[in-house]
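Below are two complexes that have subunit A in common, paired first with subunit B and then with subunit C.
So, the complex of A and B:
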């Protein structure tokens, strides 16, 4: 793989998608307001849950805020990259414009996963980080190198898992043509990631850890921040993320064999 | 000797197609128990295309032209048989193969809708690993050939269909491919835009010796660009050869409108043994077989007082229309 070429192409992707989005200023403004309102709403909801005894599943409100911060960062990443690109896969397949992508001398997964960018998602990422720094202060978390490395690893793994799940569902469009609903179900499950895994019943915890690994996405990185993490959980998240990434890649290449292109 | 750039042997393609009965009952049945059947859309076809050739694929809607084109450029896996394009198996989509080809579809677009075409050109240039200087040079050359200038800087959504198609062509040709697959490139364009596009393709073929495979329902595209046509009927090739031979075979007679000096001359001509299509006053239309045109005209000019004479080819659409509904043409 020619890294210089891919960097150049990505620079062009950034430039063209930013230029496209900036054509519609009002839309960006509305997106920004939505992001802020969504965060305020989520924190309000959390505070209601913690009103009675101050604890849910053994987590204090201040600790649960870390999950909310990580969720906000991940949601920002989702809105910046995954949403504009991965929902487009369905359109590409339905309308047959995937033809143009497949005939370019560039990795098709790279192209369809990164071509677009939604700049308003950046604000959510920034808000998420601000909230995270606030939580670090409130919870008096000691920032050291091992902590930063572990949090970087776990958050990166979370992004990989989230991306792979979404990409996997979008890929099935090649057979099922329309999978908007499946993506909506995935988004709904992601909302669950705003709450500590321990706050759910045992059976739901198993479900969210094994079948739809939402637990890995927010809870494990949050545990790292609180110093509650255990090594095997982090290793498990790394393994799960690697398996998910490889599987989604293999699945895409396999699915392309069945791509029949839309009729003209 | 000109080498073959495309070699297709016993190519077949089947698709699983689901069918649905009409009405609510049919819809419910279709939802729970989908009936699918395998449909062979391309049936054991073979052909070769030489470097620099312009070949037109003719056929009715659903005959399989686009499927053939998509298998040639590697978008669809064949079910059976073999394809070699420029020495590559297309469906493997190797980088060097993709740098050699392009696909242009009249009904689909790759340009970024909200931005001027120039942005899409530079994006494509980076995908094909062209440096800025080279990209600029090629954009200049192609935009001159396509006669577009200001349009390069206007958002695509504000361009006319003709301007958009020219920009699509530029985006698809920036890497200077030597094989062009064109699927109805003139669809929806007005007559002038169609003519300009054809002129450009002729020029491009002449200058670069690029091979062009073209499907179109506009017969003018085929007659002005393609010396050779491949007729596809229900997934099989019904004719593969020179277009003029096909036209001669399908239309063995020409219509000749003769304007006589007087009505008496026209009556004399009417009774002289030629096949008459119609006669209005001193104008008479005769049907004469292609192989006796010269001798017949000589006889008419020698024996009758003729004021004017027009030789009319039968409308090409009518002639080609016959191909689309017939299974086999052995020439």
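So, the complex of A and C:
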């Protein structure tokens, strides 16, 4: 495995998929408006929750906004990379074109996870960062090096967990062929990530920490931003992210043994 | 004679689509699960005692969200996505030759899917009652019938709106992104995530002029026994259908004139 080769291949991926996606320019504009509206809608929903209460699950409105910002960034990343690629897996398997991917002298997981890119997701990431900077201002957060490293670590762990979840479900396509709706289920569960974990009842909190670690994805990074996080939580997130990454890799290699092309 | 023929067409379409849908039981079950967001929202409302500020008791609120779940289950529309795929694949051409508007085919598909979905929705409701036994209630027959009618009207409104968007496929290749844009106000303003009563005054003053509250909030209030204006709601639903139907007919006839099969 050499890094330079993969970097070069990735550059080619970027080039081809950007070229094909930029064919649909109005589409990108529509997607941008969608991203903005959905953020406005979520903040509207939050404001309903807060209209007669100062705190929800121990979070103030300004603090809960940070969760929205991080969710928007992660959702942008999902729309840029995970969604377009991993829905492609379904197509590869149904039409049997996964054969061509497997025959290439390149890691198959690398190929199917990074082949495509959807530029309209970038805009969502930018919107998310803008909101995040605004939140940093509102909440008067001091930017220093240790804080930056910690937030970077937790956000990258969130990205890893999110990727593994998506990849996990897409991999099951090898057995079930159509997993489009399983992805919808994941999407609707991820929606919970827009709200602080503490605002849910105890049983749901357990469910969202153990079975589907949505709690780790947005709440822990937001706590880091607010300086509320404790070290063991961050360590736990790193461990969970590592376990998820390794398992999703193992699961992919395991699933490939059952792949038998289309109509065979 | 003519009505007999129409009846035969309808029953054949329904039978074909129903047996087709039964093939995808697991998919439909998953799809039913992906609609449980209202329950998560209910959890936020009750855990944080947010309902006190809008004068709705716990029990009525949980019934509201259960009904919102049901109404949503039976008013989900995906005609844009089917039509977009069919028109990109060139399947629309043979449909256009047939003496039947292809949208009847999609309509039958949706109805058949709802019939298939019904048992799964009941199972989810059953689990909901296990966790919230105090919210069990039996609506009286007239309320039940009225809410079935209004749910169907809500489905019709959404079906018409989406069909209009689907007809944009004749002009642009990716009409589904416009649908995703329209879905955002539907999600936040229809009452799926928060009952419209809880909205701030500056939204309540204009929202009843839009079709959104009649999609979920009105039928759900009706079914759950919350206070609502039955005659006003039903007449607004019918009004929107009367407004949208000619628009659909117009755009359909314009679009089919414009239609050129792929590759021509």
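The rule we apply is simple: the second predicted complex is superposed on the first by the 263 of 264 C-alpha atoms of A that agree within 3 Å, B and C clash if a C-alpha of one lies under 4 Å from a C-alpha of the other, contacts with A are read in each partner's own complex, and residues count from 1 in each chain.
Convention: a residue touches a chain if its C-beta (ideal position, glycine included) is under 8 Å from a C-beta of that chain, and two chains touch if they have at least 3 such contacts.
The model shown is predicted, which means the values in this text are computed figures rather than measured ones.
Asker: Which partner does A:230 contact after superposing on A: first (subunit B), second (subunit C), both, neither?
Answerer: Neither partner.
Asker: Contact-wise, after the overlay, does A:44 reach subunit B, subunit C, both or neither (first, second, both, neither)?
Answerer: So A:44 only meets subunit C here.
Asker: Would you check which partner chain A:204 touches, where first means subunit B only, second means subunit C only, and both and neither mean what they say?
Answerer: In the superposed model, A:204 contacts subunit C only, not subunit B.
Asker: Could you say whether A:192 touches subunit B, subunit C, both of them, or neither, answering first, second, both or neither?
Answerer: After superposing on A, A:192 lies in contact with subunit C but is clear of subunit B.
Asker: Counting residues of subunit A in contact, which comes out ahead: subunit B or subunit C?
Answerer: C
Asker: A:243 contacts which: subunit B (first), subunit C (second), both, neither?
Answerer: neither
Asker: Touching A:19, do we find subunit B (first), subunit C (second), both, or neither?
Answerer: A:19 sits against subunit B, while subunit C stays out of touch.
Asker: Pick one for A:148: touches subunit B only (first), subunit C only (second), both, or neither.
Answerer: Neither partner.
Asker: Could you look at A:105 and tell me whether it touches subunit B, subunit C, both or neither (first, second, both, neither)?
Answerer: It touches subunit B, and subunit C stays clear.
Asker: With the two complexes superposed on chain A, say which partner A:257 touches: subunit B (first), subunit C (second), both, or neither.
Answerer: First partner only, subunit B.
Asker: List the residues of subunit A that touch subunit B in one complex and subunit C in the other.
Answerer: Shared contact residues on subunit A (touching subunit B in one complex, subunit C in the other): 24.
Asker: Going by the contact rule set out above, which residues of subunit C touch subunit A in the complex?
Answerer: Subunit C reaches subunit A through residues 24, 26-28, 30-31, 33-37, 40, 43-44, 46-48, 50, 52-53, 172-174, 177-178, 180-181, 184-185, 187-188, 193-194, 198-200, 203.
Asker: Under the touch definition given earlier, write down the residues of subunit A that touch subunit B in their complex.
Answerer: Touch list, subunit A to subunit B: 2, 5, 8-9, 11-13, 15-16, 19-20, 23-24, 95-97, 99-100, 102-106, 257, 259-261, 263-264.
Asker: Once bound in the complex, which stretches of subunit A touch subunit C?
Answerer: Residues 24, 26-27, 30-31, 33-34, 37-38, 41-42, 44-45, 47-49, 51-53, 56-57, 176, 178, 180-182, 184-185, 187-188, 191-192, 195, 199-201, 204 of subunit A touch subunit C in their complex.
Asker: Can you list the subunit B residues touching subunit A in their complex?
Answerer: Residue positions touching the partner: 15, 66, 70, 73-77, 93, 95-96, 98-99, 101-103, 105, 107-110, 112-115, 119-120, 122-124, 126-129, 155, 183-184.
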